[in-house]
């Protein structure tokens, strides 16, 4: 519970970007369940290394949009490209990270196991069957747990954790993956201010290190503006409002990834 | 199947290593006429055959006739020991050869299937038994159900609704008798009669004497003179030992000799008594031993079309 | 495509049924029950012989004939060996089939054949399996083990795929969206999530195989089922009672073991209301 | 009290086992399997007769004797009636017992007797139940229905309480903290939450009773099981095959019905990976 | 999604209180799992009609404390009295309301059914078995759903709702109960600002109408101070800090509950 501030974020500097095509581009996208659209005709892009925050009333369709981008729901209409793959196909394994609002953890498995699920794309068929993860995945998982302030909980069952701790397990699972696109659905709810801030710091550090693009759902408007380049306000079946955040910095194209 | 480890020279009439003889004999056995059969120790018989033939022998008890007959038909077992009914079905279907048959003190390789009653019931003929509660040794058993039903059919006392269906037998029984008690083997039927759950019982003519005649009579037994035979139906073949279709002549010969040798040896006599519970084993062919049984029950539905084939 | 069509029509059907569906269903079940009772003339059942019957059964079973104790224990051991191997093989082989048979995990052109396959295995009576394996590999315990293995696959495979279909979707969808292959989702999410059902059903199947030892008995006069069935045939209830008591104790042990094993995998299962 | 003691010691035991537990368990299962295989001499199984055996079976069953179709369908109908009523009664009666047998819902001094009771019902072979009811109420379908009812209670009761024990505790505890009585928690939370398992197991049991109709047949030559067993006795595999095909189709229908029924209660069960 | 402002709160006036003994009183209370205390030696009271907010780092034991007060966990040590009943006994049915952090809803049942679970104490044995609720319970449930902005969702399955909507179902379940003590565990997380405010308004209205006492866990410190009389900061195994809120008003003992 002690050292949560392992991440030292350097804000607004040298966000390096490799590719020019935006990781997420939607044109006229409709999302919903069973042919009933919840949000219609959405058009937006998320640039390399940039962050888009989604805000909106409870039930307006934020999660539905994220689930569609994550490939869980099929788009009802329109076009959406995620990492150069056009939905409903999924991008290459491991490139997309997702922190679901409902967590999607295996409750009676240990914290470590759940975090390791973020690294399944490292595993070949044989290792998958045996369920054995390589040592470096384990080291990374432990490190990710440390970052979210859960060191010491590796062997606890998720169902024996507090709500905020569980959420941080889902966050660590996404972080350990170092995805190129991260979809974070209300990842800061159920967290106290301090913990939330340290998670945000980690997110920004990770973003700086890897040039990851982020779509985040966040109810706290201040926080949303603070971490994102663009805030999209959803409502009435579509995008109601678009706020470009001044505090954010321009992404700078980088040379190569080390 | 030959013997490949070449370990020879155990006995003098040792056929171990003969290419015509398997390196193991398997008996598939399903004999459940008597409660004593359940815990029966077959090992002495296996040892006997092994010592006589020089071929290791195992005796596997199989509680289903179908499995025993299937094993015999495909050569998974070399010989079987089943009661007359299933043996007849197996012979009829696959043409198994008979190696030896059981015989009683009088040298008869059959027993008499009969209906008997208590002397207080007043039943004198099978005609009187209509609507009376009956006791059968088991469902579709030879002496307990098939033979009496065949008799009733022959006498025109029952008719079958469905000529093509073995279950019509059961239905006919239900129809003719009052409340049939089915199961329990020979003893079960006798006990049901003795305890007045039934007024007529089917089995062997000797059943009352066998179970209630000696000193070890069951407590529910009535005095022997309180049992009366209603009808002696026919001779039913005793248990034969059948040979597999796949068995070679050499094997059949060996087994037959070993079995018949039981008669002439004090140890063998003991095995006959303890294991087979008979006086002696005789030579016979399937045709002689099982054939008449088929004639008797050939007018039963579902069985007839097998005879014609 | 047709998948969507089906979902939509099912949805509109459901909207209609939403208010009336449950009561209608219960009425249907009830009417069918009354109808069947009528056809079978159950309402005319005569219970007058009951007291006599009980006396008879009591007399037949009591006092128990303890002499079969030894035979029963020996039989139990043999049965346990055979049931253990048969259940283990059966459960292991059933897993891949039942996963493929789950409609929430695989498309219909895979689930249907898998379900048919399992139904086929289930339909053959266990005694017929035994006959088949005696014919294929001969008399002896192997035939019993294989017979048990095969009907166990059909039996437990069905229970498994229905358990898989009832699982919480969230973890399955979450992990698969991270880029896990289907195999990985099955291995790391579906199986662990279903562990309560899997253990429960496996132990139940083991218990069933021990109890249902009649089929096991087919492989030689070994198993306890052989003795039970044998003595039942001859109405020797005083012996049957002793053998059943042995099975009863075994069942209790297996039950306790099942609970322990599930607690081991799932953690504490007690709730505030179990006090 | 002792409850707490047990929990604590179990917890410390679990801490020890946490790292070694699973591998150890797997090794144990494996070693036991090898040991049993050794004892049963399974490794020496001779498969050489297999091809002959298959030819034999094929010859015996093919071509099927279609003339039994009519008899089979008639038998099926009778079996369905009996299985329906027996399963319905059995499931309804099993529910209260299995709820009381759930360790997460009731204290041990209630769960234990309930578990014993169910184990007792399960231990008696179905054929014995049939015999008992023939003795108590005479031959006829009623005996079959009651026999099925009783072993169904023991059979499904066990599956049910293990499903209840695997339920998510949160709703149970939440609703009971609102002041609901235990009865209300059972009625409004436990049963609805377990609905997937309940339907699945009920339909499975119905299917089992239809298949396992041999025991039904004993009470009157009605059910399809009686015909199957009868023809098996006379080695008429070409007829058995036709009867089994009828049962097979019935099983498929029941399976589909089970899925529909569960979807009706649970809503859409498909996931993103089932496409 | 429209009319969420059915509640018109009158703040700080005429909170009427009947009894003098505080609904919740803890002395030296220790709470935790399996004999391991998470929080020790807690002493505090919650007065009639007053609100206590619990704040603290994620995993510090807020939920554990609430579960103990709700009678789900047994206290490890010390004394706690809830509505004149001393734990681990539970107060009379229906008097205690609880909004668990993990919701505890039956996911595939309808929204209405879940809300009606708040009124189980109205039901006799027979009605319980049949599962039939009296008409007024149904009316109240619909009203409660309207208050939390979920009108129109009565017949939806809970699993087909958004995260925030689900949470509001749990809130409605507690509101329909009109309990004398309400334990609300992070009931505002996963809700947007507007919806959260309308729920708070409802809470306060209810409190004014019924004199209900509230223990609420809330990460937003401003919000916590705003709605409560006392803020308890939990941490380091016990109460770290106690903030009396000036904005709150003194509870006034009332004559009788009409």
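Letters are used for the chains, namely A, B, C, D and E, taken in the order the chains are written, and counting of residues starts over at 1 for each.
The rule is simple: a contact is a pair of C-beta atoms (placed from the backbone, for glycine too) under 8 Å apart; a residue touches a chain by one contact, two chains touch by 3 or more.
What you are looking at is a predicted structure, and each value in this text was computed from that prediction instead of being measured.
Contact with both subunit B and subunit E is made by C, D.
Common neighbours of subunit A and subunit C under the contact definition above: D, E.
Two chain pairs, B-C and A-D, are compared here, and B-C has more C-beta pairs in contact (counted per touch definition above).
Centroid to centroid, with C-alpha atoms defining each point, subunit A and subunit E lie 32 Å apart. With centres defined as mean CA coordinates, subunit E is found 43 Å away from subunit D. Taking each chain's centre as the average of its CA atoms, subunit B and subunit D sit 37 Å apart. One simple way to say how far apart two chains are is to compare their mean CA positions; for subunit A and subunit B this gives 77 Å. Looking at subunit A, one finds that residues 34, 71-72, 102, 160 touch two or more other chains. The residues of subunit D that reach two or more other chains are 7, 11, 49, 53, 56, 131, 138, 172-173, 176-177, 232, 266-268, 272, listed in rising order. Shared interface positions of subunit B, i.e. residues touching 2 or more other chains, are given as 66, 70, 73-74, 76, 183. Every pair of chains meeting the contact definition is listed here: A-C, A-D, A-E, B-C, B-D, C-D, C-E, D-E.
Put simply, subunit A touches subunit C in their complex at residues 34-35, 67, 70-72, 90-98, 100, 102-106, 108-109, 113, 117-118, 120-121, 123, 125, 128-129, 131, 157, 159-160, 170, 173-174, 177. Considering their complex, residues 49, 52-53, 56, 67-68, 71, 131, 138-139, 220-221, 226-227, 230-236 of subunit D touch subunit B. Residues 4, 7-8, 11, 170-181, 183-184, 187-189, 192-193, 195, 265-267 of subunit D are the ones touching subunit E in the complex.
On subunit E, the positions that touch subunit A within their shared complex are 1, 33, 55-60, 62-64, 101-102, 149, 160-165, 168, 186, 189-196, 219-221. Here subunit C touches subunit E in the complex through residues 18-19, 268, 272, going by the rule given at the top.
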